[in-house]
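Got a structure for you, questions after.
We just call them A, B, C and D in the order they show up, numbering each chain from 1.
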Amino acid sequence: MTKSRVEAFTDGVIAILITILVLDLHAPEDVTWIALRQLGEPFFAYVVSFIAIAIYWNNHHHLYQTVKKIDGTVLWVNTALLFWLSILPFATAWVGEHLTAMLPELIYAFVSFMCGLTYNLLDRCLVRVNGANSRVAIVSKHDRKRWLSLAIYAVGCLLTFVWPPAGLGASLMVSVLWFIPNQRVEQEFRVK
Amino acid sequence: MTKSRVEAFTDGVIAILITILVLDLHAPEDVTWIALRQLGEPFFAYVVSFIAIAIYWNNHHHLYQTVKKIDGTVLWVNTALLFWLSILPFATAWVGEHLTAMLPELIYAFVSFMCGLTYNLLDRCLVRVNGANSRVAIVSKHDRKRWLSLAIYAVGCLLTFVWPPAGLGASLMVSVLWFIPNQRVEQEFRVK
Amino acid sequence: MTKSRVEAFTDGVIAILITILVLDLHAPEDVTWIALRQLGEPFFAYVVSFIAIAIYWNNHHHLYQTVKKIDGTVLWVNTALLFWLSILPFATAWVGEHLTAMLPELIYAFVSFMCGLTYNLLDRCLVRVNGANSRVAIVSKHDRKRWLSLAIYAVGCLLTFVWPPAGLGASLMVSVLWFIPNQRVEQEFRVK
Amino acid sequence: MTKSRVEAFTDGVIAILITILVLDLHAPEDVTWIALRQLGEPFFAYVVSFIAIAIYWNNHHHLYQTVKKIDGTVLWVNTALLFWLSILPFATAWVGEHLTAMLPELIYAFVSFMCGLTYNLLDRCLVRVNGANSRVAIVSKHDRKRWLSLAIYAVGCLLTFVWPPAGLGASLMVSVLWFIPNQRVEQEFRVK
């Protein structure tokens, strides 16, 4: 299993996931502003998930760029990450219809949490395979955003019991966290 | 982030978008010419969107071929372009059912405009990163079609208030504009 | 525009088309043999289209392997081929529900014919760009299957007026024609 | 036909298949735990198919890594494998609604069996083309898991007549069989 094949397959799955999200935005029967307004909530959920998946794609790519070796465990944890990401379109469709209902928001937050958890596991596995002095280990050591994201998702899960919108809210907060340009990553970018 | 990964991901998303457009062309219950005739309008919208997305793919590729460096901003503007393109299947499905209704045509024209705007922003960002003497800056300087397209989309948006079909019409006009072979681009083609 | 990008984009679109065909095979409500039996006709149409698209992928790839140069016209004819292929899932869904109805069969045969026509146009354009002594021109000269296929599709279109199943039948006949291993192509295969 | 094109096309189709599985997980109308609970069975079928397809992707890749030559027969057997895999989303959707019904489980087990059969055929063809001393032939000789999987699927088919859940059960058993890390494969992994 070469690294590039895992990257290509992951990219393929993520490109499809980010695209089939739109299949849950159904064209309204009516052609009034009211009909369009009713799409507001599903559209909001769509935007939140689109950004979240785009960030995973971005981070996944940066992670693999710093990696030299992979093994079977990495492969399975990577597949687990794809599994949880693959459920996002379902969770998005459900939460988009019920922005203020506890259960859909909880499921959305839980799926987001599992995506974050498997992503962090993937990072740990890659560090273990490549050794403590590898580039992935060094970059990973300074990156506390990943664990903070996980904490936000977890708090989001719990908050949905008292304030349902915390589910999508947590995802949005994590996205803002990652959206802020990262000095260290920017430097890598510049080197073509 | 290497340039080739952004290209590959963008190609993947565009290939999926252009293909899932057809999922909104539902097979009629009936097998009469009348039933087929009723598909005429959705099919027309389908053709317009198919051509528009094909042109974006084509132009996006040419743009990146002239590029050496990218940065984090480019990445996010590229994602914004994919976001607006990803809404085209929804807008196409809605406008295809209501070719003469103002709101669906306005939304279609607005989404087209946002695609054009983010594409132009992408061009600006790429010029900024690669410098005023870069190949992308030189090619870009002589290319007024991009801004003309944006103007057509904007006029299309406004016109839908008095003449709804202007929404799809603007997209069609822009496509004709780009379909005309471009001498300069052709030359690049020949060099294998 | 490099040859490899056109290949990759075409492969992507074809991979998606061949896969979304299955979305029109809806799981029956019932769990009886009768319910399963009613899927027989959509399934038959599915198989015919799956094989047809697989053959286009195969042939498209062989065609581009013999090619050195492409130009803007090639690009647009290639897009036209993808356009007609992209309508196959719709035509398949319709004909699958009405195997003995004239109109769906005619549409299926017509779309098949247009796929064949644009494919042959693509071949002509590639020969023109690469010159009469190019490898693509030489291989193309000895390949009469392409024009025979086109004739079969055309006859299929006409026959549907008197015998509807000729639509899918023509596609099946062309597939059999291409399924037979081709000595010359096999030789190329062997050279890794 | 180069090996890499077949790999890329197969990867593309498998990435799409594993992703469109989720389209059959429909967001419930209701927002109660009962509504969520009713998704339990489709979700279980979803997980089983996701793992099965992920394993096919994994194995397919390992198989091609040991291969030097391919021919037309390999190409068609590979397409046959993709065909049977492409029916899995349909079978999953049906069985997910009726976990204890004989017919959907039988169909699921049968499609799983055909995937396994075409995969083994593919292995045989690759060995034949590359010769008895090739790396693919040597690795293949020691790999009895493939035939054991096929036997489990076959037994699963028969068992569904007396105990329906054996259909998904067989798929799950085969997945467990492949999930266990394989010493020999691991070694290959380590070599980057």
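As a convention for this text, a residue touches a chain if its C-beta (ideal position, glycine included) is under 8 Å from a C-beta of that chain, and two chains touch if they have at least 3 such contacts.
All of these numbers come straight from a predicted model, not from anything done at the bench.
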Suppose a student superposes the Cα atoms of chain A on chain C; what rotation angle should they report, nearest 5 degrees?
180
Take the average of all CA coordinates in chain B, do the same for chain D, and state the distance between these two points in whole angstrom.
37
Chain A to chain B: how many Å between their CA centres?
26
Residues of chain D touching at least two other chains:
8, 12, 16, 20, 23
So with touch defined the way it is at the top, what topology do the chains form here? Options are line, ring, star, complete, other.
ring
Interchain contacts, given as pairs of chains that touch
A-B, A-D, B-C, C-D
Contact residues on chain B for chain C in the complex?
7-8, 11-12, 14-16, 18-23, 25-28, 31-33, 36, 47, 50, 54, 57-58, 61-62, 65, 179, 181-182, 185-186, 188-190, 192
Spell out the part of chain B that touches chain A in their complex, as residue ranges.
1-3, 5, 8-9, 12-13, 16-17, 20, 23-24, 68-73, 75-76, 79, 82-83, 86-87, 89-90, 93-94, 97-98, 101-104, 107
